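In the two complexes that follow, chain A is the common piece, with chain B as its partner first and chain C second.
Now for the complex of A and B:
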């Protein structure tokens, strides 16, 4: 037997999302007296902001994958590589472990992250009561793995620094790299804007 | 209201019994980590961040990697790639890399020392709470460990066409990754917030 769950909002309290200080609900919106973070019962416009950032990320995902992220030249021949062609090249040259790392970090993770965020946003829109704990877990996962997508950007940074041997071999960054970095950053902001407490609010609506 | 807490992920109010060091308080509804008291949290975090600053200084000032092929040698420092990106007109991209791998980690280490060293001796410096707030907001944007993975990937990629010579800075960088991970594990932000709390 468990007591009826009570949230801070129902008890007319507010918990700081950053430093976890719990204080009585102030009359006007203000800042946390301990850490200075803005206090919100729920993040303002969480859903709208997440959607906006997410849609922007989805749009940029196209040039990020269609434009070359590196342009390498060697003895007069030059070759442009997109993320996918880079992965295929690594696979064909036998570096399957590296191919897997890049595939997971650059293709699988950003795509999964966008799919999960769309799913979470739609589920909140539809006032879903489906497995809130698992949905919170999905949210935590997107927050945790998102940053690892930056690995390809760093590989490009290191390649342009090292492979600079004049006519012999040269690697330049392509425009796709900038779009890709923007996708990673936008999805990180989108995940940050999403307030997981919204998943749980529907549970209380139904309890009443 | 001290032992009462609202989960930051599902807003559930719950009474938290005292949690011993090394244990973790989880939200009873959604399973989020509420806090995790650590043994010697302050001492360890301070020691690791002091070490981190030293390693950081080595990592940014010494040669990082060198590439040798057919008599050519190309040496690069940690910042070389960012400089090249900037020269190629990709200043936005260069800025992202500089912020996430150079600037944010440094700001984090220096801020933690500014906040924690006085706490150790029972005081606080002005703006410490504000600064700790920023440290926690910036936390996910410091990506040195992701850069480390990038180094490994590049080394495997380049090993086919040339000889890679690791420089002094690379070893410092590898150690720094472990030190930063240790610092993240030993920092108990719940404790820091309680100590920083100067409200009447």
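Now for the complex of A and C:
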């Protein structure tokens, strides 16, 4: 096994998060002398913050899926659709491709994001040494794919803006849309808060 | 490379970090707490606003959709269809309705549910809005009654909901005729009610028609009110010309019922709800002695019924109430006792106040029997020996119980003493004896002699009369005959007046038939009101 490369921490150095200025490790947490940003060895409270945002997202995931996301009315009858009933409607009407996109973007991706983040957080807690490279890859995936779960909100927004035919046909955003948006934003922040360096720290612990 | 190394060597020159005190509790935990509060509030709201779930049994779920079809009262959503399934024997449809919070107060056993769809009935188009909005479930909430959550849906929307004031009455008829649910009920040619229901009566051989009469017109219905079938046209030809009697054009097409309050001051009180009345075929029938209600009773007489036959009258203090319809002898298998049941039919309408069938219950009859109501055989004709059944009150008679043989009430009988009959015969004979037959004979002879003399005088007078009067009379007769001949020519069977009249009546009946055809077509194809008649489309 080749010797592990020298890390900034081992060299007793700290990098500024904003201007990337390299500074010797201070005795107490301090601020970057160049841009004034706070200096941290690792993102502070990374795990607690991730957990907080993730739990909030998981709580709001329920109303986001149970409450109607769109309320469409035509010729006097109003129909409210949740994400799942919309997917089922599309599937029944034969537009299985659109149904698949909506299902992946609105149901599968947020759920997978939450599951992956829970898995990563639990693995860091347990000081797991299991495949750090794959776990980092998973983390990158959640960050990358996260913004795509906004598809549903875009669709609803565009529909609400476009279908305004008065009594003939009308589409309104349901209360579920707000919760859905909150879930997407909270999972994005939760992923952002998670410091992937924590995955590698455990590897160093074991080397010592 | 050397540059980097040199920068690395200059590590000592790196700037120093500024030191600031550390922050305390991370406020990021406020976010999940807020999410928890919102989630908890949503759960509480959903739970607290959840009303009762109603199970509704329907014949068909046509037009209903789970999660979409609403329950509406006065066009306000008060619930929604949650689930539609078939019953275990797949004969009915079970619909689960999620009602709104607070619906418990009007979910009682008198509350009715039905499906509102577009339909054409009794000349009225209803539920047109449902063509676009889809069917919904209507409700007639009633707060009084036992609370329940299981209902059987009506097949047709009720024409009368509980919030319409008025009263229901039952009409007993031999057949339904052209009446239908929704057929109008007229009082003095004004529509005051509707037929709301019909079906066979308990015997299964006659028809009970339920009508609803709106307040305040329901007060015009008294025990003496006569109802008649006002369907079609009643035409009569008399000295004043042709008289056409009809309630309205609607009643010609759809049938109708009319009523009139009887002029009897005895029954001025409004009749009770659900009182049964006979339905007469037409207005003329109401004035005839025609009674549709027949109550059957059995009477056992402990004496010979010789002289009593089928058709013998049944009287109450001299008023004929009915007649004997069957007499035969039966012997009990075990006791070997011979009995003679006499079946009588009584038309209770002959007695005011007793006529309403709903009023003369078994309880009432029991009270009458307690007060001494008995049947007695009496002699109606001394010469032929014919008997009749007399009903009367004998308060001194030993108490008897009202019994039942099958469904027939048994009226207790009282044995007529033969003495009673013989006594009355003796009385009559005595009266006969008192007649002075000899004197009458002498008087008669004298009268005959006087009459003969008078006759002779009249004969002479007639001779003179003939000679003077007859020619003039013949002349008068001649002129009368010629007048009649003229009249015959004008009004006879081949006359133009008659021909035109017949043609007019023919045209009228043809019009009636085509109107009926139109309503039939509309009933089968209500959509033709909007899309036109099939085949007319290009």
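The rule is short, and it goes like this: the second predicted complex is superposed on the first by the 188 of 208 C-alpha atoms of A that agree within 3 Å, B and C clash if a C-alpha of one lies under 4 Å from a C-alpha of the other, contacts with A are read in each partner's own complex, and residues count from 1 in each chain.
Here is the rule we use: a contact is a pair of C-beta atoms (placed from the backbone, for glycine too) under 8 Å apart; a residue touches a chain by one contact, two chains touch by 3 or more.
Predicted model only: the values in this text are computed from it and were never measured.
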**OP:** Check the residue A:88 against both partner chains and state whether it touches chain B (first), chain C (second), both, or neither.
**Re:** neither
**OP:** Have a look at where A:111 lands relative to chain B and chain C in the superposition and call it first, second, both or neither.
**Re:** neither
**OP:** Have a look at where A:141 lands relative to chain B and chain C in the superposition and call it first, second, both or neither.
**Re:** neither
**OP:** Return first, second, both or neither, reflecting whether A:33 touches chain B, chain C, both chains, or no partner chain.
**Re:** both
Original post:
For A:22, is the partner it touches chain B (first), chain C (second), both, or none of the two (neither)?
Top reply: both
**OP:** In the overlay, answer first, second, both or neither for which of chain B and chain C A:71 touches.
**Re:** neither
**OP:** Check the residue A:100 against both partner chains and state whether it touches chain B (first), chain C (second), both, or neither.
**Re:** neither
Original post:
Which partner, chain B or chain C, touches the larger number of chain A residues?
Top reply: B
Original post:
Which partner does A:48 reach: the first (chain B), the second (chain C), both, or neither?
Top reply: second
Original post:
Where on chain A do the contacts from chain B and from chain C line up?
Top reply: 13-14, 21-23, 33-34
Original post:
In their shared complex, at which residues does chain B touch chain A?
Top reply: 1, 4-13, 29-32, 34-35, 65-67, 69-70, 72, 74, 76, 80-82, 84-85, 88, 90, 92-93, 96-97, 100-101, 129-130, 132-133, 136-137, 140-141, 143, 146-147, 149-151, 153-154, 156-158, 160-161, 189-190, 193, 196-197, 199
Subject >> chain A residues touching chain B - in the complex, by the definition given at the top >> reply: 5-11, 13-15, 17-23, 33-37, 90, 93, 95, 97-98, 101-102, 105, 132-133, 136-137, 139-140, 143, 147-148, 150-155, 157-166, 168-169, 172-173, 177-178, 181, 185, 188, 192, 196-197, 199-201
Subject >> In the complex, chain A residues that touch chain C >> reply: 13-14, 21-24, 26-34, 38-39, 45, 48-49, 52-53, 55-57, 59-60, 62-63, 67, 75-77, 79, 182, 186, 193
Subject >> Contact footprint of chain A on chain C as seen in their complex >> reply: 11, 14-20, 22, 26, 28-29, 31-32, 34-36, 38-39, 42, 68, 129, 132-134
